[in-house]
Every structure is written in C-alpha cells, then in structure tokens.
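These notes open a run of structures that come right after.
Presented sequentially are two complexes of chain A, the first with chain B as partner and the second with chain C.
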Partner chain A sequence: NPHLKSEQSEFAAAGGPESPRSSPKREAGVGAKKLTVSQVTQTTVVAKETVNYCKETQTMNLEPERDVLTYDESEREGEGVNAAEALAELQRMPHVQELVAAGAAADGAAPVAAEPEKPRELSDEERQQILLSESFVRFFDKTARVMERALAEDVDIFIDYSGGSGDTELGETAKQQVKQQRVFYDDRWSRNRCVTALDWSPHFPELCLAAYNANEDAPQEPDGVVCVWNVKFRKDSPEFVFHCQSPVTSACFAKFHRNLIVGGTYSGQVVLWDNRTPRRTPVQRSPLSSTAHTQPVLSVCVLGSENAHNLVSASSDGRLCTWSLDMLSQPQETLDLQRQNRPVPATCLDFAPSDANHFVVGSEDYSMYTGCRHGAKAGIMDALDGHQGPVSAVATHRATGPVDLGHIVLSASFDWTVRLWSLRDLGTVHVFEETSDYVMDLCWSPVNPALFCAADALGRLDFWQLNLDTEQAAARAQCDAAVNRCRFSDSGLLLGAGDHLGRLTVFELADSLASPRQEEWKLLGRTLHELKQATAELAAAEQDPPGVGPIR
Partner chain B sequence: KESVMDDLSEENTFSVDEVSQIIKEGVETCIGTSQFQQNKVNQWTSSIIEHCLNQLTKLGKPFKYVANCVIMQKNGAGLHTASSCYWDNQTDGSCTIKWENKTMHVIVTVFGLAI
Partner chain C sequence: AEVEETFKRILSHKGVIGAIIVSYDGIPIRSSFAENDVTVQYCALIQQLAQKAKSAVRDLDPGNDLTFLRIRSKKNEIMVAPSPDYLLLVVQEPNDQP
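The block that comes next holds the complex of A and B.
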C-alpha cells in the first residue's frame, strides 16, 4: 500500500500541469489514500423458461377398444359397397384424424402460451400499495372464501347410487332419529364463550348465526362476537365474523334485508352489522341513553311486512323499543312493561306468528305475561302464573297450517319443567316434567305442528312429539356441555344447539320425526283437547293447586 | 489536513446521480424506441459510449472514466454479469444502468476514478 500511495502522488505531480482542473493542493503530498475493494455490482437478465411437452403420451391411448373404430374392409367384401353405409361408418369415426391435429396444435401452442412476457419486478412499496388497495382486499376476501370451501370438501367418489343401504324410515329406534351432523367451533372466536343467541337465515337456508358472550380469559379480544356459519360446506371456519365492544345477548338476521344482522348487547345497545362491507364492527349502533335501553337486550326481531317493517327490541327492565332499521339513533316508540306499577323483569320475549302486535313475555318473577304493543291498553294484558322458577324461554307456535294454533305457547323455566299454555283460556294445558335440570331453551318446529325441542343445562335435547307421546320425549340427543340455545332451521330438518363452551352443534332429524304426517294437525287438535281435560281433572282432584291462574 | 478535506468536496467525488442521468439520456437518445437489429447494434453501442464520455468530460471533474455497454437481444436467454473494483471508496465510484424495451436489454456501466 505505501508503494501505491507514492506512485499515485508521483503521478499526480506529473499530471498536474497537463489536466486543466487538477487541484494544485493535491500535488502537495497526498494524504493517506485508503484503497479498498468495492462492492460487487451485479446485473442479471433472467432466462425465459420454456415448457416442453412430450408427444409420446398422446399417441399411446389410441388403441382401438371398440369395434366401431376398426376399419376392416374384409368384412364387407361380400356385401358390396353401400355408399350410405360407408359414409355413415366414416362419420362415426372421425376422431383419429382430429386427435392428431389437436396434438400438433397443442404442441405448437404450448410454448407460446406457456410463458408470456416476463413481468416487471415490483418494488416493495408497489407491492405494499397493491396489497392494501381496496379492490385487492375485496378480491382476496372472496377468493379465499371460495378456496377454503373447495379445499374442505371431501366428496365420496365411490358412492353407488344403485345399491347401498337406504335408511329405512320405519322401524328406526328413537335414538337414531336425531343424529349429530356437525359441530361448529372456532378456536379464536368461540373459545371460552357461551352461545347466547342462535338464528337461521331466512334468505339462505344453509346459513346460521351464533352470538357469543365475552371470553374472560382474553380481555383484549372484543367482548361480543357473532359468527355466521355455513352448513352446506365442510369448511370449519365461519363465513363471517362480526364483533362489538359489549357481549352480545341476542341476535337475529334482518328478515327483509339479506345483508343485515341485528344484535342486542349487554350494555343495552342495539347494533347492526352489514356483511357487504369488510368491516367487522357494527355499521350502526343505538345510543346508550335512557330513551333507549340501559339493560341487557334480551330479544331483537324484525316484524312486519316487506314494505312496512320495524325492529323491536326488549331489554331486561321490561322496556320494549321499536326502531327503524335505517336509523338507530333513536327509537321510534318505547313501551315500558309494568305489572302493578313495577317494571317486569323480563327474561325472554316472543311474538305471535304473523302478528306484530301481540307478544308473550317470560319474567324472573316466575310468571309469563301476554301483552300488546299498540292500542289503548298497550302493555301487559294478562298474567300466566304456574311456574315455580324464573321463566327462561317462551315460544309461540310456529308452524302454519289448516288450524290456527297461535294461542298455544310453550314456556321453559328453571323449575325443571316445560309448560304448555293456551292463551284462549289463559291456563296450563300440560306440564312436561321429564327434565332433570334447568330448562334453558325451547323451540317449536316450523313445519311439524306437534314437534318441539327443549334443551336443558345438562346438555340434553328432548324432542317432544305431542301426537306420539306426551309423557315421554320422542327422541333425545346429548351435547357435551350445557345447552344455552336451540333453534330449528326453517326447513325443520336441522336443529342448532349452542352450548356454554362456545360450540354450536347441528343435529339432523330423521324425516319421520321432522316432517308432519297428513293428519298431524287434526291429531294435534285432539291431543290438546285431551291434555286440557286431563289437566283440569288433575286440578279439580288436587282442589287447591298452588299459584295457578285462572284456568277455565 | 486541508488537502484531505478538499478531497471530499463536491468536485472531487464521483456523483452517481449525475452520471446515471447522463447515461440514461445517452441510451434514450441513441436507441429510443427502436427494435433490436443486428446491423445497427454496432452503431448503438458506439454512440451510447461516445455520448456518455463526452458528457462526462464536459463535467470537467478530475476523473478517469471507463464506459462499458452491453446490448442483448431478448430471446429467452439468461445473462449475469458482475464487477468489483479496488479503489478509494470515498472519491471513486461506478454507476450501472439497466435499460430495456420489448426486444432488448441494454446495460451500461461507467466507472469513475479520481485522478
């Protein structure tokens, strides 16, 4: 190095007078000139990949398998040549020639189509920009969904439609009538959360939503979660996940809007989610004010017809609010349910089918009330006493048919019983006492007028068929944890049961159980009559029944 | 000490930006939008290099320049070149510009060594 330095300085000195602008300062003893190896500069041009096809594979399959393809002239020598026949035969086997041509074309086309022009490589910023752009996010979301479904499907390719064991519908034991089909559970969103609401979509029969409580073990996760699950595909993840800041206590699909989901929360807010936006948080929220709800919202539903509908929500302090789905900033009407000048501590609410006015409310003070929303005497109308524990669920009759059974109401309570009431005479028709724990939820079947399901805190699901047997459940299914909610799907063939560990189990019902027979309605009328008589006789025999309201 | 400081002044260091600008101009002026033609490639490489060197000398800096130009037709072949130098990192420098159009790649490298 020192040698180099001196050389350079000499050179500089020598070259001084020649180069016009060499600085004279440099000549005067060059300081320490450090020479180092610079970084390697590299330049690359990427080679173009060519895809090669092997012709041999294509010619191997051309073995004549069927006689039609053999062009054997010797057979027809005796017959003489029939022009029409020959033409027909020719036309029947054009394939030989066409295949060769296709092979050649494919070969020629392949290299051209295989590698289009090498795309320009993107810098990191460009990449980030594209990844964050809205159209990409939307595309990615949709495509990922489709791919997930495709990957999760496993279709049985060996299925034989001719033979195979057909499930005989008659002669099945009661146990096989209800089969567990699937369990929906998401590790991130359902873990440690209790299912608080269930609903099936009126627009897409394969979609169901489950609303979840807060996960105490994960305080940083949002408290309220709603997942929309798809029964049709085998993929394990929810179709949509929505959340909000307060635990969701009730949720439903908006009946006349296929993209909206309504939720009621623990804080009293009514929230609206829209699955058209990629946002997971609500698009609309009701205010937390005393004009709306301040207590947990225990029921939300959309009532009315396509052109004139409202959202009705009820909270546990007995307040009923009517909202318009477009504007959740304030309720259109509020109604406070009171009994004897005290607010009703409501736990559940159900409207009579196709009647937006009358409803039934179950409360913590062991009674059920009927009420109406509009009219001169809006509010609580009658009380139905009989339960000996807080009422946990009420269900008005859902199936529609030749007989109007809108006056039949079921109620479930923590006193381990399920009661069947008739609103016409405001009395108990029957008490189902087979359960051995708190009965948490009830649901009538939407197609079979005599079928309903009761879920209890031991995880047992009892399916009662009133026309078959009123003392014993027609079928039974078992979940591993306490079931909090159960709902029939709109077809009546599936039942969703949500338990307190965050699992949503879907049960499939056998057709014999789920579908009504021809005479189901008539039989039911008779059954109800018999039950009523039996209860009346029992009451008369006991002579002083505790806490039963007006029967006759 | 003064001499050391002056060595690092603007005039005595290789300015990568300036030089890259010159090279880009050069390539664009000489090739522009032409397609690859075997008979013209000679012309192009010479004109690019002449243009670069002329512009560089016009800068008047006390530098020696070495210019290298590669024009490769886009035929699907791959190419890889690399270079490194043993010099004074503070005053000397090099600049490589890769330019391409639909039919060819052009790679121009200019090395500047302080006198």
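The block that comes next holds the complex of A and C.
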C-alpha cells in the first residue's frame, strides 16, 4: 500500500516514536507490517518575502510603483506602539523597501493609489507627550529661532531692476547724524517694565542685553527679566529671555565667558544665567546673607584678564564684593566704602579702563568719590564735590589711544548738569548745562575720545563732541519716553537707549560723528587744557571754587 | 507652554500661511492647518523631499549634513528645518512688493 508506506516514511522522517531504522528494513522485507494510523502534522511555512530594491528605481520614473510609501506604515498598523518605540525601531530598520520614484512622488497622494495609505494617527496624549519631552523642547528652541530669523528676512531675490520704479533712497537726509535704527520691544516681557541695565556683548557685536525690573500690572510674571536682542537680524523677538524672582537692577555679559550673563538684583543677590541650558532661571545665585549684599546691587562687572578675573559687584549701601564666577556661594572679598565712618550711599560705579584697582563711585549725597580696592588704603580715597543733586551716573574715559586719558571722568546728576572732572587735580574741568531735566545716564564712545552721550529724563539723547563744541551738543536724538540707560556698542557706531516703558531703541550714528579723525587725540588734549583754564578763571572771578579736597 | 507660545509667534509672522511639526516617521505632531488632509499631504511630501535632500548632501560629501531647506515657488515659500528626530515646516507667502 503505497499510501501508507509514504505516510510511514513521512512519519518516520518527522521523528516518531517508532524507530526510523526499523522501517526501511521492514519495507525491504515482506514481513508482517504493523499498520497504525499516524497523525499527520501539518506546518505551513509562509513564503519568504523577497525584498529587493534597485538603486536605479530611486531615480528613474517608474509609473506602476505608486502605492507604496517610503516608510511602510501598513506593516505596523494596528499595533498601537509608543511613538518613541516606533522611532527607535525605525532607526534600526534599514531602508530596503520599495521606494517611490521621485517623479511619482510629486503626485503621490493622488487617489490613484490602490490602497489609501493613511499615516498612523497620533492620539492626543501621544502628541502631548512628545510636545513635553525634553528632546523636543531642545529641538524646537533651536529650530524656532532659526526659522524666525529666516521668516523675518524678506530679501526679494527675484527683484527685477529693469522693470522696477527705481526710486533711490540716497536723496534723503544724508546729513542726519543720528538715526533711529530699530526699537526692540517684546509684548510679553518688556511691557510696563523699565530698562535698568544695558550691555553689549564683547564676543558677538550684534548682541545686546537689556535688563528690566518688575511689571506692576502683572504680579504673577517673574519680577526680573533679562532679554538678549540681536541687531543683525530683523526678527522682533529676543534671542534669549531669562528671568528671576527679584527685579534686575544691573546686568552685564561675562567678559571672558561667552555663555554667561551676570545680573544683580534688587534683593542684593547676584545671579548667573547660562544660555547653553534651555532653562530660563539662573544657574547660580549668591546667598542672601549679610556677608554678601543686602541692598540692591547697582553694578556688576567682570574685571581682570582671561586667566585671572573676578566679578565685582557693588550695592547701594556702599559694599563692594569680589566674587569668583565659579562659586557664588560666598564672596572672596568684601569692602565697605565709608566716608567719615558712614557708609556711602552709592548710586553708580565705574572702574578705570585698564585698572582693576581704582574706581569712581557716585553717591546720593551729591558727591563723587574715588577709591581703590586693594592696598593699604583700600576704600574711598578722595571726594569730588560740586554737584547739587544725587549723582546718577559716572563714566571713566573708555577710548584707548596715544594719550592716556584715564583721569578724565564724567558724571551726570539730577541737578540737570553733566560735569567733566580730572582726577589728577581733583577738579571740575567743565560743566555742561544744556539739559533741562534729570540726566539719567552717560556713556563715552569706545572709539572716539571726544564723543560722549548723555540721556535725560525727557527722552533726549545729547551727543557731545568736545572738539567741535563744548557749549552745545553736536547731535541730538529724541526718544518718546524717559531714557534710563544708554550704552555705545563696542564699534562705537550704534547706541542703545533703554527707556522706562521697556523699549530699547538702537540708534545708528553717522560715520562723521562716530569715528575719530586723525588729530582727535591731540585736539582733545588742547580742549581739555582750555576748559580747565576757563574754569579756573571763572572760579577765581567768583572766588568760590567748586569744592574739592582729599578727605584724609 | 513655551512651545505653544513660540509656535504662535511663528504663525503670527508676516505672510505665514501655516506651520507643521512632523515627527521622524512622518506623523504630524502639531499643525496649524485646519484640514487634516492638507497637513498629511504636506507631511508626506516634504518628509520625503527632505530625506532626499539630506541623502543627496551626504552622498556628495559624507561629512556634510542638511541644515535647512527652502523651496521657493511662484506662490509661496516652504521652509524646512530638519533635525535627526523632528522636522519643522513653515509655509510663507513671500512679499515681492517692497
């Protein structure tokens, strides 16, 4: 019986209980055969899917291959896996599916496809999960910034000059010395906040930061905000936004660290932000203790050289603290500025340009003091009286050149005047009485030794060029609100002015005004000499010299 | 929350028609287009194109990688910012009139 025989052999081959060796013997012989019903085990082996791809297919226009998408979603349909898992799986999977040709892709989603290939839908929870995941936040933070810059540029590469109207802009006000370039204002972060500090980045000349204090109308928003704006691109939103719990009263870019921003707050804390992390709150904070500051920090700056630098902060109770940027838990040194055994109510501080030791501080008691940080007589050295109102800003001469003018200091005060002092003879060189309101801030130009800018509470910015005219401002610009801070950029061609409504206006200066001429330094020396003589004559005539005197 | 805020800010830019965030496997995570099939269409097409562009760049120079893709057409401009995990796609109407 051939059927049974074959079954037996099959069974034997499958490894049944009957010994396989016995069956062929049995078949060979003609002995009695033991017939049993055998169980037929059936297994189905699925035909192996031959996956083939040909590189040519990718580029050639293949008409019939239309209905298979690059990522074969149909294989995974109905599994309901986590998006992250699918991602990992996909990254492991090599791209060996039948790819759709480039030509066909153009009309890919046409209903010609045999099966409607719908990509797998994500449920709302999955979406939310992805949106909150850290990798997504990081991606979106960076990409959104790039995208916003790309969106804001509206350079028209297709412009056709032959057909265009061709209206030139050269005819207009070419003589305008100071032109308003842009206004930086963010509705959420700058609204109703006064600009308390301004600084330009020493590493990237197009970045500037503005620190804001609290928004009284929005108590739930953080009190202190620092925004970093980019002048190079046209986008209107800040590059970075940082905030902290207490209003920021002063801020600066860390000179030797391109990622750090230092801020001093109203509560006396010194905070450090890092733009490498996505978090907007400070990465380091100084403690609120009596060893550090307990009063608003009015100035922070990084002094020294690349390898040996310190952070120096000054608060309004006359305390000067030196910190190391790595450790803000404790100041390295503390110095209390006192005059006649009373603390100096400081309002502003500035260091001499290349000297980390000597500084000038302006105070509310109408005078300015010079001091030094180290040495036998650390503290206040001399007093400069003359103003009749609290000193709001001091500025030591910034531009470096053939003549050392580090002894020239400007001070602005609420008595509507700006005074030019010489520290060599501790006397006033000149008084500028042009303004008609509180002078809020001063800044020397870093390139032109004779140029400085004074901002007052009427929103007026006066640019004084000492070599041109000492009685009148060389150029004037107007802001809509009271300007609280003004700073020249490091190139000397831009000036940022922050006002009390939260707007940061960037002004562009004409080259004739901003850049120094050949003989600027020499002329300045002569001008200063003349001014000094004039003041001395005036004083002698009045027989009432502006009070000057060392205090020790 | 911040993601939402930034997304809305991008959408409120001058000329922006819509924006889509796509995950690596071509699934839209967040889209500003009201019609779903428009979103799906954009996702599928642009995903493939970005992938193609990326492989083209890498084939030409293995050390190179695609950072940004801008497709300028007669009626609008599609800006694609790819990354290893996700893709941000913004469609803007270019303003030819200065």
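Just so we're on the same page, the second predicted complex is superposed on the first by the 394 of 552 C-alpha atoms of A that agree within 3 Å, B and C clash if a C-alpha of one lies under 4 Å from a C-alpha of the other, contacts with A are read in each partner's own complex, and residues count from 1 in each chain.
Simple rule for what comes next: contacts are C-beta pairs under 8 Å (C-beta built on N, C-alpha and C of every residue); 3 or more make two chains touch, one makes a residue touch a chain.
No experiment lies behind these values; they were computed from the predicted model shown.
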* Pick one for A:541: touches chain B only (first), chain C only (second), both, or neither. => neither
* Considering only the touch criterion stated at the top, classify A:308 as touching first (chain B), second (chain C), both, or neither. => neither
* Asked: Given the superposition on chain A, which partner contacts more residues in chain A: chain B or chain C?
  -> C
* Which partner does A:36 reach: the first (chain B), the second (chain C), both, or neither? -> first
* To do: Figure out whether A:51 sits in contact with chain B (first) or chain C (second), or with both, or with neither.
  => neither
* Footprint overlap on chain A, where chain B in one structure and chain C in the other make contact -> none
* List of chain C residues in touch with chain A within their complex -> 2-3, 5-7, 9-10, 13-16, 21, 23-30, 37, 40-41, 43-45, 47-49, 51-52, 68, 70, 72, 79, 81, 83, 85-86, 88, 90, 92, 94-96, 98
* **In the complex, chain A residues that touch chain C** => 69-71, 73, 83, 86-87, 90-91, 100, 102, 105, 108-109, 118-122, 127, 130-131, 135-137, 139-141, 143-144, 146-148, 150-152, 154, 156-159, 188, 237
* To do: Spell out the part of chain B that touches chain A in their complex, as residue ranges.
  => 1-4, 6-7, 11-12, 60-62, 72, 75-90, 92, 94, 96, 98, 102, 105, 107, 109, 115
* What residues on chain A touch chain B, complex-wise? -> 12, 15, 19-23, 25-26, 28-31, 33-48, 50, 117
